[in-house]
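Chain IDs A, B, C and D follow the sequence of writing; residue 1 opens each chain.
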């Protein structure tokens, strides 16, 4: 098991990059001419949203791996990615609401297509865990979850396209300008923040994978030792040990 | 839309970053809980192994292989 | 495959004809929903985007009733096993079920759309709206079949179906409502080709996607 | 040239979660022979039949059915297997005739075959009543028709005569009994009757092989011991 050292390196690097990104956001990037200081939320909210959606899509790609090979390690990878993306998704929605309140004066703005599309995707993925939980057979659970992950992964870009089309009349400025017309200093800060957030996601993903694998191995060990008091596996949304 | 003055905007910006921080902290706390459960189970496993090889067996020099063959002789 | 799909479709329509489990309930549900909207919105007549929204949402929720039941007979009466034992292409079941759901939806709309026109719609009904509805029905049928197949093996089928299907249908609702709204307005515009294209594209993508993943929902 | 064995299992294992529903079953059944499977409820009889029917995939070990490897070549044996499970696999709201016609369409069999079978099991008079109005024995007779509709090479029977009176059992005999001259796997709870019409006997207990040998060399008492 080589988790230890590489994971530590990754964790330190991500923390560093993320700190640098936030430092850049506050001390280097210029004040936005239009929104002023509030725009600093952008360097947190948007990278988080991008990484969250990337995680959903990564989960879908891993799910394809399960459907192609039948190897349950892909199910675990897909599950952990979607699980973490859901957690990040909560952060995206909360910071998005705070930003909406600060810049438009209300906690929710239906005219903002990206935020609305994000909410729809988040609500879809929120069904992922209940779906898993209500299927008992681990193999079936893995396969059905994978089908869900593939469909939902394909849905994410479609959904953004459709919602944006619908709201194309009402166009707020900075939120949609993810890259296009940003001045160089802002863009640099934004890119560093995306890199840092990606690092954070990968770190947590590896950490969670290591933790799940350790639990499986412990359980397998208990079974090998013929532990009669081994409690039956708790029914859960998380994948069971691949056998 | 007018830009909010700094003191007003600062509240919101701080709020957003605190949300992020809290999210990470809660996640770490949950993972810590899971880790301690893992550790507890590992401890139980340790005990189970210790019970299986009683200290007396190792102190009076019984070879585990001997015990196996003795048991097989019973059949 | 088409021969098998038609055999399954014939069987499904026959079962529905015998049991009358889905279509009458869906149609009745739509009528009740109109009454609820009448008082919920406190309007006696609707037009434009409000009319489009009420019609789409009503049909959508009626569809969820049908989607819930789509695979229940297969699961509870061994239809899945019987189908899997036969030397046939598994995708035929997807095609048959989507067609069956489409037939159910059209049958419901034969009642629900005229009822909407009579009960709630202010302006005259533009028949071009039927084109938009037809494209929406195809999308609902395909996504509904997928959601139903996904949910039927779970213990919480009635919950999973709407939770999976409704978010997947949001883009379709947007396009349908936007496409219908000018057609249900007083002297409003005509058919918007843009929204029809969005609907058609969305339908196509989900037809392909369902076709790709459906087999995995049948194994074991 | 000798036909390949109808069924060859080597270390066949199927799990349900962490539990073995079927563990390391190894046997060979020649074509045309009958295997009888005994075992208390939950011993793995149904799981074995479902694996052989390609409805469940083996988790470990090799399974060849009618000369084809499962699950890789499952497609090649579907349509050559007739499964008569506990569940009749018939739609309750359709009539027997409609059910059989539906299955005939799935299997590419003709309608005449359905009529012939309805006649053979004495159900032609009540073939137009919805299945849910029929008694369990009549449903079982229809299920027999369904299982042999496509003239399968291998029959998988789960307590085939459990709901049938002696007269009905006699009617279905030529279709699914020894006289059908098909390879058969029969799950049974009747030691004497099961052994009498089998060539090979398998006893399962908690998924494991507890008894395996030529049926002639197994006494009903040995089978009875499985249930204790």
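Just so it is clear, a residue touches a chain if its C-beta (ideal position, glycine included) is under 8 Å from a C-beta of that chain, and two chains touch if they have at least 3 such contacts.
Here the structure is a predicted model, which means the values were calculated and not measured.
Contact count check for A-D and C-D (C-beta pairs in contact): higher for C-D. Per-chain Cα centroids separate subunit B from subunit D by 49 Å.
Subunit C and subunit D have centres, each the mean of its CA atoms, that are 39 Å apart.
The set of subunit D residues touching two or more other chains is empty.
Multi-chain contact residues of subunit A (touching two or more other chains): 136-137.
Counting partner chains per residue, subunit B has no residue touching two or more of them. Chains touching one another, given as pairs, are A-B, A-C, A-D, C-D.
Listed in rising order, the residues of subunit C touching subunit D in the complex are 3-4, 7-8, 10-11, 14-15, 18-19, 73, 77-79, 81-88, 219-220.
On the subunit C side of its complex with subunit A, the touching residues are 146, 150-151, 153-156, 159-160, 163-164, 167-168, 170-171, 174-175, 178, 198, 202, 205, 209, 212-213, 216-217, 219-220.
On subunit A, the positions that touch subunit C within their shared complex are 67, 120-121, 123-124, 126-127, 130-131, 134-137, 139-140, 143-144, 146-148, 150-152, 154-155, 158-159, 161-163, 165-166.
Looking at the complex, you find that subunit A touches subunit D at residues 136-138, 223, 232-233, 240-241, 243.
Across the interface of their complex, subunit C is touched by residues 53-57, 75, 78-79, 81, 83, 85, 87-94, 98, 102-103, 105-108, 130, 146 of subunit D.
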